[in-house]
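In the two complexes that follow, chain A is the common piece, with chain B as its partner first and chain C second.
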Partner chain A sequence: MPRCDYACNTADHGLSRRAFLGASTAAALGPVGFASANANAELAKSQKRVLVIFLAGGVSQLETWDPKPNTDTGGPFKAISTSVPGTHICELLPHTAKQMHRLAIVRGLNSVSDDHGIGEKIMLTGRKPEAGIEYPHIGAVSAKLLGNGAASALPGHIQILPKGSSGFGKADATFLGPKFASVSLGDGKPPADLFRPANLSVESDAAREDFRRKLNDRFAKSRKSAATDAYAESFEQAERVVKQAEVFDIEKEDRKVADRYGRHDLGRHFLLARRLLEAGVTYVKVSHSNYDTHHENFDFHIEQLGEFDRPFAALMDDLADRGMLETTLVVVMSEMGRTPRINDRYGRDHWSKAWSVALGGCGIKGGAVVGKTNATGTAVTDREVYSGHLFHTYLRAVGLDSTKSFYPNERPVPIADPKTAAITEILA
Partner chain B sequence: MPLCLLLAALVAVGDARNPLPPRVDSLIVAGHPDYAKHAAPLADDAEFVRRLHLDLTGTIPTAAEVRAFLADKNPNKRAIFVNSLLESPGYVRRMVWFLDVTLMERRGDAKVPRAAWETYLQAAVAENRPYNALVRDLLSNDGSDPKTRPAAKFLLDRDLEPNLVTRDLARIFLGRNLQCAQCHDHPSVDDYKQEEYYGIQAFVNRSFLFPNAQAATAIIAEKAEGDVTFMSVFDKAKKSYTITPKMPGAKPVAEEKPEKGKEYKVAPAANVRPVPTYSRRERLANAMTSRDNPAFARTAVNRIWAMMLGRGLVHSLDFDHSANPPSHPELLELLATEFVDHNYDVKWLVRQIALTQTYQRSSIVPATLADVPADRYLVASLKPLTPEQLAFAISQACGQPDGRGALGPFRGIFGNRPGESQDGPAATLDQTLFLKYGASVRGQLGTRANLLAKLPSDDAIAEELFLGVLSRMPTDDEKHDVADALKAAKDRTATLSELTWALIASAEFRFNH
Partner chain C sequence: MSDLTAARLEREFKHARPLIGCRFDPSGRFLFVSSEDDSIQRFDLLTGVKTPLLGHKSWVRGMAFVGTLPAAGSGELDTLRRRYTSLHALTGFAGAILPPPKPAPFTFISGDYHGNLIWWQGDAESPKPIRTVEAHKGWIRAVAVSPDGTTLASCGNDNAVRLWKTEDGSLIRSLEGHGSHVYNCAFHPDGTRLASCDLKGIVKDWNLKTGVADRELDAKILTKYDPTFMADIGGARAIAFSPDGTKLGCAGITNVSNAFAGVGNPAVVVFDWKEGKPKVLKPKDAFQGTAWGFAFHPAGFSLAAGGGSGGRVWFWKGDDVVSVHMLTAPVVARDLALAPAGDRFAVAGANGSAYVYTFTPGPAPVPPPTPPKK
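So, the complex of A and B:
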């Protein structure tokens, strides 16, 4: 007999993206459109947001949050003291070290899989993959659960990728529906259709929209339905998004601020992330590539973390200065860590058994460290946690009850893995 | 005499003396206490011609076609038009789209390329192959003969994965989503038993892809042994059951037991595709399409009814069970019986439905009707255009000479995710931006504008614009609006492009009304 996986929890049982949307679109769009500018500003201040920085390829915990200097596995780098007495991190992160009072470290993470794809899924969904059900990513969950008060018409789930194309339609929202799927910004560039074509003037665009509205109003007199309303409203939403399109343009940013982030790719992407969060986007993920250092782990970490360290510190300062850190959860994660064992090419290989994640901002107790690994980093010796624990923690940090369920097809699917619970030691 | 026998007897008299459409209509009328009072009148000619064209050919009519139909004084012109569209190449195109999306649900084309699959479906629709014959073909082909291999796509491009195939056989051909029954009897649907799920699975559980599921050239192989056993995850005693192939509600298929040592025509060996003497999978096609399996015809007519009317008599399409009865049970029974008696003739069924008053009702909600119950067919429903219809309709609306839209971008943006059924409208940001500023739509507007710009007067422009895009004459107000827009225009052709866009982006265009 095939292994039973409670497949009836799956999204496709009676619940399609279409049905889901048909019911939710109009309602979800309603309040945003008519809120006054002041109300929007108030909402924006209290709205909870999530920023995930994804160090793609698998960052070494030993060269970041859990250094083991002067051991067989520790590598050549020193540990340095930080803004939190007694907490040391790797010397490759001198600027980040000054931010540690704003960050908590989880050092006992076991993410179970040493595979890039599976590991990424585990870290972003808080679950091990199961046959028969695809769980939504934290970005889609955040957009869904935190997005209702969003003061922005912008999509609630945006990922900034180092390169590649921009667009919609990723499958990462699964049963939550495409409204919450990520919009990808390859090298920070927004999807092309967001901008008015050069051969369409503002006036012509407005005139044709008026004409379209008139037609819709006439049609709705005799054939009004929820579906036609939702369709008409989608153009109003698109217009609001287009009006906000300059949020994607970091050239609009104060030069001094931009210089603090740095003018290289990751600096620009962090700055864009802050602009998006400030404009009311619920969830932004920035990926930094590539930490998959099977060869020359140490050289590559000098290079990669050298790119990461200063802009990350600038970002934390900027969020704090703008009063956004209280409402923005910041997570620095990866799809896995790297082996304590140094291979014969001075590399470190894939490793999921004992590594670290750093969190800060909204709902997180800055300076907290939870979990321990042994002297050489080869095993967790205290407070082992899984990605599910982290998933609960993210949700709790932004004020959500992580023990609740989604109900695709009126069947309960726990939002976070019920076999795990929040890491309360790091919650503020 | 039971209704079905009575009806079977009546059919023998022939279509001419006892046509189906009025019988359908009278069952719809009987489904509402005061139908005549509340129902919308029949659609006017313009509404009808657009609706029928979209449903039967997958695109909107040209302005010339609308004009000709409006001018036609023949009282029988609707029936004539139905027949002419059913014989047009557009009908083949539309039904290929319908069958493809119904059967494959936009899954990938790893093992049978799209072009070969569409060619196969085109041939089947063009010769109006009976539906039961088509499905028999789909379920019995093992993919080993390159000439007929496309027929095996249903199984091959599901990787012959037993749970996926079981689920989709039940959903697509039997109208039953038995997925919950993989692990236990359905908790809320009494009819959906675990044994039904595994009874279906027993037809395919010995089959597998050779040499492996990853190979693009994989073909279907089968072992001579292997039983299906199951237990409920809710059963503390963990009692296990063994089941042989059977369709839900039917008797188990009689199995053959070959002599010992003669189990295989081609025995398993390294790099050899085994072929058993007795094949369970070969029994699947007949068991599925047998008259003893009434759910098969019932589901087929329900799906075709939904294609035409925008909603199944059983709703949702894959949730047929006794606690979710059809909106019009006798009608579903009638359609299923007639479909079988007409040798599973899809074109015949589409014609019958198109000729009903129920289909031809206006979508304009009568002023006296405050609330429109979705399942009473008082008013025609608004059906969102499928991605394919939208692509072709936009192309036609823009006056592209061949009226053929590029399907790829529309399928990508508006299509359901692979493996999900396509139903209900959506209006997501990417879709709207695609229509609003995207090059796929924008690049076509100029063609229509250039055609319009050649016309002698603003009135003529308004008329051609509305007939060409919305398949109807403009109202006086709309003529004024067009004239005003042109008066204010700095660049007439550019303005005509944007007016064309406004019509295309309107709700009236987005829905088949």
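So, the complex of A and C:
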């Protein structure tokens, strides 16, 4: 992990007054910080947020945003009309089709790498990997520049994973520092051992925590490093999560609303994402697994997009109904697309040269379509863009100047790849 | 009685786009193949003529016929071919204008991934759709015709099995009860029951008089929820009753370690139909892939075709569970069809070719004459 600039003395290190006030505000609002409709509306007006839905494994652009029916590469599915006249998407997304007036499609994306890990990094950092520097993920950048959950006691950068363990201390903030690193929620659940055991009194717990802080502070005076900082930040993040534990309990949600999202894993995760955003978290990423369909691509896309479609449409409706869509940028991305060529096992393989991403909400011109691929989807024929273009677009959409720089160790590092620029055609 | 070890490649029929399925017509003269270009192609084994059937707007994997079956082992096609070839030899150039013998009439019914059934006059010179029925919501995965030819069964991704009158395409009954996509269905030879198998490997035994599934058989060995990719793989990619109705076979993939790469082993679950007891047929070689087609041969053996890392055809004798013979197919075999007389079988190649194999021993038969010009 790159070392942080510990000499900068910015408010981003340690517990800032703003974060403290944010926590206090949240506490005043009630146990989950968004007890009233008025409070929601106020939050919605004041804070820009980012929601990334990551279709892990590489979703097929032909089975989603750029169908090519009745061609050599099109597969068996139809293209269906949407709420935007003239715009068609794959029949596997009938509910999403009704949301297209709120979404823009970028159809000319070339993300350069056909490797899962590298592709994910490219899509989340807006850069090709470079020797000597690790760029922060969009979640960390959003948390840093949009306030890190300032209106909430919760961390500003949360990712909801389909399964696995929950935890702190990810390296995705790089030089921005561990304060902006993601908190992972495996299956949408906070770490199981986060909360105070029943047999431990509040007083004993507080004393124990106080003792830990003293030891930690003493150690940090002489041996402070990125590792110790990340360790200390993990405790602070955990503390913030504990303070708003009820946000994570989607059983608190109105039953009718929960039904609209669907009573399955992804429905729960989308609902949790909305609750977190509503509670003031700056950036939430929800991953849906999995789309890496080298075998029987079409069968698996029926199953996976069948899980995605209805809850995603419910999420978009819910965000709009609550007045949050105007302040929340929604991005549906993946680490790559899939080959137009159908292999001999009905699969599609890895493909980065010409695929699509959908964006909506804050700062996005709903219904816009930019970029074009050829008749069989094998090449971009108009307005080719790279992940850097998207990264600029995300930041511009939430009102940030993407041409500015960070200054880790007093060295300027452009926030977004300066060789690219925002896709203005889809900006509102 | 066909000798399974005599099976050898007889000829290749080429199409420009990858094939999905293949079926012989009731006489065994025509091979119908479906392709990724949404078309069906009819290959005449007698003349070599290729005829497109255009009408579907999506992929077709359900194909069935209404017509008169020849007696098993009759060798009707070879007899016809010998006569036709002899006539050409006798008439020389005049043979070029000799029309091929008129086929016996039969109806062909196909089902596509948009949920539509299409009726065709299968023996027509240039078959056109004569009836289209919106039969299922989503994919039709398979169709079958009852032994008496009066009823068509279709099944698909709306979890339903539906019965239709072959005469007019009207719905007879919808058989509801599967909880997942229905991959395949087959009529019992006595015509009173229908078996259907879904994604989760549940086989239902439907009483066609009552429309009730009287029992379920367990082919779950052909299914798996892959926790890594968080998706289901499975289902009977092929299904068939033995000619005497004592066995039901469901073919697919088992031992799946990576659903999204198709890493597993081909397998056929064969049920003793009366007792419902299963046994699992497997290839002798450690092959990774899926069994996409399966048939019981009237001579008592069974065969399956499939692919993964290359294509294969496996043969099992009697009650053996390990294959006794294997052919390497030129490409991944996506389906298998056994000719009604049992003298041939064909596989649908992922490269666009249909490969026809014969059980007739000896040198390759004389190639058919050049098709007469129209």
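What we mean here is this: the second predicted complex is superposed on the first by the 336 of 428 C-alpha atoms of A that agree within 3 Å, B and C clash if a C-alpha of one lies under 4 Å from a C-alpha of the other, contacts with A are read in each partner's own complex, and residues count from 1 in each chain.
Heads up, the rule we're going with is that a residue touches a chain if its C-beta (ideal position, glycine included) is under 8 Å from a C-beta of that chain, and two chains touch if they have at least 3 such contacts.
This structure is a prediction, so every number in the text was calculated from the model and none was measured.
Visitor: Let me test your reading of the model: by the given contact rule, A:Asp292 touches which partner, first (chain B), second (chain C), both or neither?
Guide: second
Visitor: Taking the superposition as given, does A:Lys372 touch the first partner, chain B, the second, chain C, both, or neither?
Guide: neither
Visitor: For chain A, which side has the bigger count of touched residues, chain B or chain C?
Guide: Here the partner covering more residues of chain A is B.
Visitor: Looking at A:Ala232 after the superposition, I want to know if it touches chain B, chain C, both of them or none. Which is it: first, second, both, neither?
Guide: first
Visitor: Examine A:Ser204 and indicate which partner it touches, taking first as chain B and second as chain C; both and neither are also allowed.
Guide: first
Visitor: Just checking: does A:Phe195 make contact with chain B only, chain C only, both, or neither of them? Give me first, second, both or neither.
Guide: Only chain B; A:Phe195 stays clear of chain C.
Visitor: Check the residue A:Phe219 against both partner chains and state whether it touches chain B (first), chain C (second), both, or neither.
Guide: first
Visitor: Quick one: in the complex, what on chain C touches chain A?
Guide: Residues of chain C touching chain A: 17-18, 36-38, 57-59, 112-114, 138-139, 157, 181, 227-233, 259-262, 289-290, 307-308, 331-332, 334, 350-351.
Visitor: Applying the document's contact rule, which stretches of chain B touch chain A when the two form their complex?
Guide: 162-163, 177, 179-180, 182-183, 186-187, 228-231, 233, 240, 316, 318-319, 363-365, 382, 384, 412-413, 416-417, 419-434, 436-439, 442, 475, 477-478, 481, 485, 488, 494-495, 498-499, 501-503, 505-508, 510-511, 513
Visitor: Per the contact definition, I'd like the list of chain A residues that touch chain C in the complex.
Guide: Listed in rising order, the residues are 57, 70, 72, 75-78, 162-163, 289-290, 292-296, 299-300, 302-304, 342, 344-345, 347.
Visitor: In the complex, go through chain A and note every residue touching chain B.
Guide: 1-2, 4-8, 10, 12-14, 16-19, 21-22, 25, 132, 155, 167-169, 171, 178-179, 183, 191, 193-197, 199-200, 204-205, 207-209, 211-212, 214-216, 218-220, 222-225, 227-228, 230-235, 237-238, 241-242
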